[in-house]
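Shared chain: subunit A. Partners: subunit B in the first complex, subunit C in the second.
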Partner chain A sequence: MPSGGLLLQSVVLGLLLGGLYALLAAGLTLYFGIMRVVMIAHSAFLILAAYVAWWFNVRTGLDPLLSLAGTVPLFFVTGVAMQRLLLARLRPATLTMMSVLLTFAIALFIEGMLGYLFTGTQRRIQLAYSASSLDLFGARIAVVKLIAFGLAGAALLGLYLLLKHSRFGWALRATIQHRDAARLAGIDTDRVAGYGFGLGLATAAIGGTALALDATVYPSLHWHWIGPLMAIIVVGGLGSIPGAAIAAMVLGMAQSLLQIPLGTTWAQTVFYLALFATLALRPQGFFGGRLAQRF
Partner chain B sequence: MRSVSKARVWLGLPVLLAGVGLVLSFPSLAPNPYLLSVGIVVLNYAVLSTAWNFMGGFTGYISLGHGALAGLGAYGTALLITKAGMPSFAALFAATAIVALLAIPLGFAALRVRGASFVIVSIALVLILLLVFQSWASLTGGSSGLVVPRPFPQLLRPEHHRVFYYLFAGLLALALLCWWLIDRSRFGLGLKAVREDEDKAESLGTPTFAYKLVIFTVSAAFTALGGGLYALWFGDLDPVFQFSILSGAYMVLMALLGGVRNLFGPVLGALIVGIGLEYFKVEYGNTPLHLVASGLLLAVVVMFMPDGVIPSVSNVFGRFFQPTRASIREVSAEQLREEARR
Partner chain C sequence: MHATARVKLGIAASAVAVALAVTGCTGDGGSEKPASDPIVIGISLPLTGDFAEPGKGVQRGYEAWAKIVNDQGGLLGRKIELKILDDQSNADRVVADYEQLIGRDKVDLVFGPFSTRLVVPAGRVAEEYGMLFVEPAGAAAQVFEQGFKNLFYAAPAVAGDHYNHLAKHILALPADRRPKTAAYAAMDDPFAQGTAYGLKAKLEAGGITTVVNEVYPPNTTDFGGIAAKIAASKADIVVGGSQYQDGVNLIVALQQLNYQPKLAAFSTAPTNPEFAKAIGNKTEGILAPTGYTNKAKYPSNLEFVEKYKAQFGTEPEEDEANAYTTGQVVAAAVKAVGCAEQGECQKKLVDWLRTNKVETVVGPLSWDAQGRPQGAHMIQQWAGGDIQIVLPEDVKEAGFIYPKPAW
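== the complex of A and B ==
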């Protein structure tokens, strides 16, 4: 039986990791809700943002968190452009399948360019507070992880408030629920869908910066993220943001706890096992509504 | 209509015979063993891509995880030879049978819901298998790889290549024949109905789930055969290459590029992409630029010719040779509706 301190540490780390997963899965869910797109390139953009944060830190010596001021608007615009110029032009009948391939192609492109520009070397940001940690009843929690969690939590809260309490959020949710009806109500669904996509990609920018704080990054890292993230959105029920957030916390915690007896590598399989179990037992996911049953 | 199809047979038969002749005589024409090995790689791609096209072409379900099925076939064959002491080709068929059996529960989980979940499962399959095969070093050799004993130890390298070239060509012919037979069968019609409109097909009494599961199993079996034969030929397996999402993506790219609704579409795609990849390897070595090029090519195909080059080219030719073509096109009612809406 592992000691109480170790257990507590795993629980806290799982919570912190789950927060990041939740933010990223919320972005994936947005894309899916808006246009039934499984956005494989989401995690590639995540790594891209992490690289930008690292490069910014190396070049200027400033705190990588400041790079958010550049990446968030940039990613938002990229997301809008991607939706308007690429995804919206695919044939609607085969959109789900073809968009997977298109975003996969984008992911390959980003990975290849990162590898070409920065080589495959593993990169890590060195900060003054990188090594400092907090003592919490015998659990040691790195400060950078706390900052990353705070960032993810704040972004998620912001997203929630935006969706629930702003006019744009209403329009976006209406577009997700029923596009034709939303258009009848006078919503410019095309534009709203584009902004929604931008919002999703902005979560990748924030997540990537948070990731860069305490992780080593390399170009092919995004494959290690997309698998768990896709498992999370299926387990949570495709299209449901609360479902994705709950699944992210539960699975992040499970991964962190399983690392004690199984080690880091085998603990990752929990995502895939949860994915297969969900599809076999409850294909619409645990919190998915009508939408999830059809996909 | 009848005369058109007759004309197609008369046009197609010499082309087909010429193609077969070219494939069969390539080993004698190839000036060096390297080119012969490129020929084998291309044939392997053609087999895998045709195998993928059983699922992707008929039902429209796009799997990015067929690379994992090929890897399972390869590792299954290798492990049955080294650990169970089976003869090479018996191991190949046993591994294929095992992968086909594994495909049933996989398909059961993946096919109960529609496309999006299927893609997600297919990607998850690659990632989980990569994890398992890299970590379980005591069985699979882990990242240091696994050496597969050669089936014909007495043969020299060029002869070895030559034998495997014909084995791959035979396997390709078998896969194409099966695809052709299914294409003209009632079963194939049901699968295409799934592709066009799954709800309608189901309401008209097509057992869509059973059909999808059967074709997924067939597709998995051919993929495993291709992967296993590759293991016997290449003789050295590494989890990073066997369970790579990229190899699955190449199958999709080849099939789409050639045209998923054509019998020879994946073969044509394999020819183009396979040669392109080899060229890149020679020209740029192991830089990540081949990722960039593959990504761009895939994006161009998806955006501008999702039906592949064969339909695009034959449309151009059709304008010259068959100006009075029948007006019935192979598009679904849904596509027409959406075109009208635009």
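== the complex of A and C ==
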């Protein structure tokens, strides 16, 4: 039986990890909601942002968080361009399937470029505060993990406020709910979809920077991330952002706690077990999910 | 004496040359090829992927060896030419690479790649073609359990024996000071696990309880969970069966949890020149086994360190030295037997190494029938921002610090 201290520590680590999963899964589910696009390259952009943060820190010696000022707008523009120039041209009838192939190619391209520019060597940002931690009732919270969690939380909150309380958010949600009806109501759905895609990619920029603070990055690392993220958005109900966030927290926590009895290798399987169970028992997902059911 | 170091070095270098020439007398058949025909040596190395960092170190070691030999007129009067392919740390690629090097490119000799996971498949190809296979970095037990007849490991000890000096020292401590519990975390990799489990077996036999025993996949980047288990166990000592980056990540994760063991030993990572910077200089008391130090007084090592510095501008580390040793071992056999080509010659090289001792930069090496070198590793410890040999007693540069200061 694990000690209380270890359980508390694992819960804390699970929460911190879950926060990062939640932000990344939110972006991924947004793409699907807007366009029924399966965006395999999401985690490749995540690693790209992590590399930019690392490179920025190496070249300037400044805090990697400052690189966000560049990557967030850049990723937003890239996302809009990707949607307008590439994905919008796919035939609607085969959109979901073809988008897998297209974004798979983009992921490979990013991985190859990173390997070419920075080699396959693993990189880690060296920060003065990388080993610092705070005490919470006996559990330790690493400062870098807390910053990453804070970033993820702030970005998610921003996304929520944007979608709930801005005209653009309403237009985006209308586009997600019923594209034709939205267009009849006078919404320029093409433009809104482009911005939505840019928003999704901007979450990858924030997530990648958060990831780079406390993890080693290497070009092929994105394959390690896309599986769990896909599982999270299916469990959460495709297209549902709150669903993705809740599923991310639950599964991140489960992974962290399962490491105690099972070890690192087997704890990873929780994502896939959850995926199989969801597809078998409740294919529309556990939260939200009205959209996936119709799809 | 010190003023004449350069002269001494020259004498030492010639002494080695003479020694090699003398041992060479036994099999000198005078079958040397014309000097214009180079000896081509085929090598596949992980220059990208998981093992890119040490893989490049091995490449530098091989290049230093080729340059030093060529500057002295080559081997058997023939120049050395290295043909190095990148296997991307991938076991399928490494097999294809050696198939190509031996079968299609018809190289005269092969040297091994880096790390057990690649050495075993590569060794199998070399075995099929009957090639001598001296390798710089396949130290795990399973390398020597494949029934290979042509394989030799060019380093002082196999993985399981790396910590022998440390195990002996810990178990010799008085009962009230001896640690009682130990935590182990090892990468799912035969070499990394081999080092940690070699120590684990000896400490368990000596009555030290194992309280955590974790294995993680090679691509793990989040060590929070493993560190939490180790910290919660409050184990007296922590042992990491690590390569490089995983060792760094694990140590940082342990420090984030403010875990302060009495002893911390990690394989490979702490001897890397980037290590101290990578963990923010919180290195106090960390131990690591090492098969090589550039301060060793072996004659060929003095030559190696000086010429390596002239070529690359830095001092050689363990990966470079093991690669260089591989070159020395093969060169000794080639000189002794007097041939370097595919076919009959390879068998003669193998037979010669099986029964002879070779002087190298890591000391004299000899092997058992499966290619295991017959020695143990030195133990180094970080103290005051510097890493120094603390065990065994007869070669130590500093005293062993136990319990370790806080990191």
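In the analysis below, the second predicted complex is superposed on the first by the 291 of 295 C-alpha atoms of A that agree within 3 Å, B and C clash if a C-alpha of one lies under 4 Å from a C-alpha of the other, contacts with A are read in each partner's own complex, and residues count from 1 in each chain.
Methods note: contacts are C-beta pairs under 8 Å (C-beta built on N, C-alpha and C of every residue); 3 or more make two chains touch, one makes a residue touch a chain.
Just so it is clear, the structure is predicted and the values come from calculations on it, not from any experiment.
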Which superposed partner A:Ser3 touches (first subunit B, second subunit C, both, neither): second
A:Thr265 touches, of subunit B and subunit C: first, second, both or neither? both
Subunit B versus subunit C as contact partner of A:Leu13, first or second or both or neither: second
Between subunit B and subunit C, more extensive residue contact with subunit A: B
Touched partner set for A:Phe104, first subunit B, second subunit C, both or neither: first
Touching partner for A:Gly115 - first (subunit B), second (subunit C), both, neither: both
Touching both subunit B and subunit C, residues of subunit A: 115, 120, 224, 265, 268
Partner subunit C, residues of subunit A touching it in the complex: 2-3, 5-6, 9-10, 13, 16-17, 115, 119-122, 124, 126-128, 130-133, 140, 142, 144-145, 215-217, 220-221, 224, 256, 259-260, 263-265, 267-268
Parts of subunit C lying in touch with subunit A, wherever the complex brings them together: 48-50, 52-53, 88-89, 188, 214-217, 219-222, 224-226, 228-229, 231-232, 244-245, 248-249, 252-253, 255-258, 277-280, 282
Residue ranges of subunit A touching subunit B (in the complex, touch as defined): 32, 36, 38, 40, 86, 89-94, 96-98, 100-102, 104-109, 111-116, 120, 219, 223-224, 226-227, 230-231, 234, 238, 265-266, 268-269, 271-272, 275-276, 279-280, 283-284, 293-295
Subunit A partner contacts - residues on subunit B that touch it in the complex: 60-62, 64, 105, 108-110, 112-117, 119-121, 123-124, 127-128, 131-132, 134-135, 245-246, 249, 252, 256, 287-296, 298-299, 302-303, 306, 332, 334-335, 338
